[in-house]
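Two complexes, one shared chain (chain A), two partners (chain B, chain C).
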Partner chain A sequence: MSTRLARIVTTLFVLAVVLLPIYWLVSTSLKSNREITQEGTLYPHVPTLDNYVRLFTEKQFGSYLTNSLVVTFFSVAIALVVGAMGAYAIVRFRLPFAMEGKVGLFLLTLRIIPPVVILIPVYLLMLSLGLLDTWLGLIATYTAFNVTFCVWMMESFFREIPVDLEEAAMVDGDSRFGAFRRITLPLAAPGLAATAIFAVLVTFNEFLFALALTATPRAMTMPRGTATLIGRIDTDWASMAAAGVIGALPIVFFALLVQRHLVRGLTMGAVK
Partner chain B sequence: MQGAAQARKYRLQGAGLDLALPYLMLAPGLMIVLGVLVYPLWDGLRASTRAYRYGSPISDVGLQNYVHLWSDTQFLNALWITVKFVALSVSFEAVLGFALALFCLREFRGIRLLRTVLIIPMVITPVVVAIVFRLIYASDAGMLTALSEAIGGGEAQILGNPLNAFIGLVVLDVWEWTPLMFLILLAGLQSLPHEPFEAARVDGAGAWRVFADLTFPMMRPVLAVAIVLRTIDAFGTFDQVFVLTRGGPGEATRLISIYGYDTAFKFQQTGYAAALFVTIGLVVLALAFSAIRLLRRIDAS
Partner chain C sequence: MMHSSRLTRRSVIKGGLGLALATTALTTLGLPMPARAAGKKVIIGAFADGGLTPFKQKIIPLAKEQGFDIEFLEDEYGVTLEKWFADAQSGAGQYDLYLLDDPWVPQFGAANVLEDLGAGGIDGADKDWIGSMIDMGYWPPQQGPRVKGFESAKSTLICVPFVGDLQTLTYRNDVFTGGAPKTWDEVIAKGKEGVAAGKIKYPVVFRGVSGNPIVTSWYPVFLSFGGSFFDDKWNPIFNSAEGKASADFFVGTMKQNAPSGVVEFDSDQEGAAILGGEAGAIIQYSGNALKADDPAQTKVAGKLDFGVVPSQAKAIAQMGIFIAGVPKAAPNKANAIEFLKWYVSAETQAKLSEAGSIPVKRSAFGIAKPGNRLIPVALKQLDAGALPRPRTPDWAKVEELLGIELNKALQAGSGGGAALDTAAKQVKDYLTTAGYY
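Now for the complex of A and B:
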């Protein structure tokens, strides 16, 4: 009986620790700046949606969200296609020169290096290509990061699919690529989904490169745009909180929707 | 086995257009990676040996930027703060995550809710996490101040005080990333074999004995992987600090990534900043590869 009580108490405590900060964000977003700084209330006494309206009418939050969606969609989609093909080639073909067995390690090494390391040269590259503050510059950068990740993930998924199935299809007259597209790819669909989910999470949340590579609402992503609301002399706490809520909402919703894949994908690589 | 798979791989190669297929399939990915990651890496190495003015290279200085780093007290201080931050955060996350995972190992009512809620902190955009904690710590508008005033105290001083700001940053990181530790360790615990534990129960071993003699030794590789992953990531922490404190007050929370960013984009010392980042990259790579070697040795024994 007492272990059960301890369990309930612990569960409630953990939930409170996780949820209290989120409660504070949401509740602050529903207060006026006056109520926030002068009254210091624990819940919104006069709830208002003004902060949200202001974000979209005065602070161009709509374009930040659009930019985020466009950039995330294209960089993840391109990386998935290109990464799946590359991973397949690594797993199933004999590669030329010294590439056999090395491409995977090479990409893994690139993944381990902290992104800050290439921040400056990528900035200089985009500057010289005239791609600063454009969708294309961000998409190119994020696609490159996502490709290393997709190849690495998809490699392990393809390895688990028996080669006999493709051989059977080829005996039946399918081409090599046809066998890949019609047999292997559908079998690897759960792996593709898990990979896509991670790529979306990481890309949607990325801040550092967005900070260096964008400067106006033309290309600023949501995290980047949110950061511009901060750091003025008078902090507009209410807008900041509302921006936080809107920034967190889509990705949390997405994550909860795909929860099962998320946990599986997260832990698979680590436990193996 | 290996040989048979290899032979089969070659046979699959086919003829005609199929012969070119591996190249065609690899090419797009490799080209993007070479263009946007590898070329910049190489360019970064070159930039790190130059002096810049107004964003343009003016002269080759060889390894001088690298040498200079080790007499730059601001760099050394930032490095020291980063090491402290990573060590503290990751240790707390490992201990809390492990405890939570052990706690959740048996199914009980509410565990699914708990797991669902625990996903939230790690998927929320880091910039938003930082906003959340600013709204908690702020002296005039924060939750801590509101709570303190509700019970008759004064304003909470967190972000204005060097030690408190640093602790506040660690708390943020622990809140955000303990769930990841928890999920990895829980998956590890669930994949442990049952037999040794049943045998221990038959022998009447106590909970502590089971943990010390069975659970912990068997979990060591998983724990090591989780710690390595978090350590590598924590070294690159930038977003949260940039939004929460911008490195302040003073230099109290100025992690290496913030110092590097300011050096490059605020003070326009492009070459010097490139050398700084290359150094950090080498440190993290060395860390990662020695961890992989260590894990292989654990696996082998």
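Now for the complex of A and C:
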């Protein structure tokens, strides 16, 4: 009995830790700024949707959200295609001796370089290409980051797929690319989904490059646009909370849709 | 044959994806995409601040009636300086007009990245300007010390005042029943009576966070005690006897009569204290002061009045105006200058005053119905005295060094004078390294 009680208490504690910030965010988004800053209430005493309305009517949040969705979709999609092919090549083809076994590490190293180190070169590059404050500039930047991540992730998934299956397909007359597309890629789908989720999460939430590369609602992404609510001497906390709620929805929705793949992807190859 | 109506994962994925794509497409199509318009396009970059609300709500529509196609781009205060400076230096040409914070003018001026607005036809000698405001638009400064390299340079109008933001006193009229407190001693003494009467919890509130916030809060106290920041050779003199007295008063007496967490207070917390009815008095900029009559923003609407900042030796506020500059790389430079000429005309400034914002032309303060009670008080403050921060491109660093030391003293609750000595040495060392002497 005491074990059961301890389990319940632990569960409630964990739930509280996990859910309290979410509750606080949603609750804050339904309060007025006055209630947030001057009254510190536990729940909205006069619930209002004004903060959500203000986001879209005064703060151009629709543009920010659209930009985030577009940039994330294209950069992740391109990175997945390029990354999957790159990972496949690393796994299936013999590389020059000096590169053997080192490409993955090299790509990982590129991925873990602190972004701020390359921020200024990327800014100058985009400036010279005329891509500042454009979707294309952000897509190119995020794709470059995501490709390294996708290759690194997908490499391990492709290693788990027996080469015999592709060889059998090629013996039956399929081409190398056909075997990759029709046999290997479908088998690696859970890994692809897991990779996509992480890439989407990282891209959708990215702030630093969006801060440097965008200046207007033309291209500002959701996290970047939300920061514009921070004023010199006053911050619109209510709108920021509403922005947080709306900004979280696409990620939650996406994660719910692909969670089955995520679990399969994460455990792929764990047990042999 | 029965058709299954079960919601499958596949159908949800398909539906969700379709919905997302359709929404994206529709939103994109429906967006007011900022393509180059046929009208007189002007892209204005601004940082988010309540002081610009009347401009956004009332003046932009007027400008549109005049044929200007205004694109107003707001950003976070903390990033705008770096963004705009990079934009101006690299010639990226993303803006036609920057609404700068006035201490940034020297940095842009020294880099020579802003247009000469005098040559563009804006008359800096117009007597209708508030003199202390238009002075801030010149680089190098027309008066006072100049930094090395600019001693003999011609003073050029590179910015024009945009919104006349400055510090004034906001106080509780049920605590200070005889009107605005005249001195800091009165703020504390009468505030204590208000606390004893249960009307307020604290006589005063201010910002104590290190850096710009604490320096901004201390500055009017410092000025009112008779302090000066630099001599005419850029030697720090803020640690004079007057300066030390002001710092000791600030970290000691004022802290003792402020909320317990004041060391960590920034604008939000001090705003909550005064608007929430806890504090008796505050020195603040217009962005927050404009909320004093709005019941949606304050619990004590009707109980907050405005006055000139308290004095000990004099009553001098810090100015922190919005000031507009046109980058040399502006894509619609001529439109931007034309817009500025229209904006600073007496007629438009009168409209700005009617809208409730503090104007930059004296005639606009005298209109029959200014849109906010703060406006006549702001003029009184300007006439009583209002000073900009020292006009050097290195002010941000100076402010940071001083802010750290003041914050340490505030945490300790004493030692303000010693903090100024330490900061003065650090500032002197820094400016020496920067080639000031």
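Heads up, the rule we're going with is that the second predicted complex is superposed on the first by the 245 of 272 C-alpha atoms of A that agree within 3 Å, B and C clash if a C-alpha of one lies under 4 Å from a C-alpha of the other, contacts with A are read in each partner's own complex, and residues count from 1 in each chain.
The rule we apply is simple: contacts are C-beta pairs under 8 Å (C-beta built on N, C-alpha and C of every residue); 3 or more make two chains touch, one makes a residue touch a chain.
All values derive from a computational prediction rather than experimental measurement.
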{"item": "Contacts of A:57 with chain B and chain C, given as first, second, both or neither", "value": "neither"}
{"item": "Which superposed partner A:37 touches (first chain B, second chain C, both, neither)", "value": "both"}
{"item": "Touched partner set for A:260, first chain B, second chain C, both or neither", "value": "second"}
{"item": "First (chain B), second (chain C), both or neither touched by A:133", "value": "second"}
{"item": "Partner chain(s) touched by A:215 [first = chain B, second = chain C, both, neither]", "value": "second"}
{"item": "Chain B versus chain C as contact partner of A:227, first or second or both or neither", "value": "both"}
{"item": "First (chain B), second (chain C), both or neither touched by A:66", "value": "second"}
{"item": "Comparing the two partners chain B and chain C, which touches a greater set of residues in chain A", "value": "B"}
{"item": "Contacts on chain A seen with chain B and repeated with chain C across the two complexes", "value": "37, 123-124, 127, 211, 227, 230-231, 235, 237"}
{"item": "Contact footprint of chain C on chain A as seen in their complex", "value": "32-34, 37-39, 62-63, 65-66, 69-70, 73, 123-124, 127, 132-133, 211, 215-218, 227-237, 250, 253, 257-258, 260"}
{"item": "Residues of chain A that touch chain B when the two form their complex", "value": "7-8, 10-11, 14-15, 17-22, 24-25, 28, 36-37, 40-42, 78, 82-83, 85-86, 88-90, 92-96, 103, 107, 109-110, 112-125, 127, 140-141, 143-145, 147-148, 151, 163, 166-167, 170, 175-177, 201, 204-205, 207-208, 211-212, 222-223, 226-227, 230-231, 235, 237, 240-241, 243-244, 247-248, 251-252, 254-256, 259, 262-263, 266-267, 270-271"}
{"item": "Chain B residues touching chain A - in the complex, by the definition given at the top", "value": "8-10, 12-14, 18, 21-23, 25-26, 28-30, 32-33, 35-44, 47, 55, 100, 103, 108, 110-111, 113-121, 123-128, 131-136, 138, 140-141, 143, 145-147, 149-150, 175, 179-180, 183-184, 186-188, 191, 222, 225-226, 229, 232, 235-236, 238-239, 242-243, 246, 257, 260-261, 264-265, 270, 273-274, 277-278, 280-281, 284-285, 288"}
{"item": "Complex contact set, residues of chain C against chain A", "value": "9, 12-13, 16, 20, 24, 27-28, 31, 33-34, 43, 45, 47-50, 71, 73-79, 83, 86-87, 90, 92, 94-95, 101, 267-268, 271-272, 275-277, 284-285, 287-288, 296-299"}
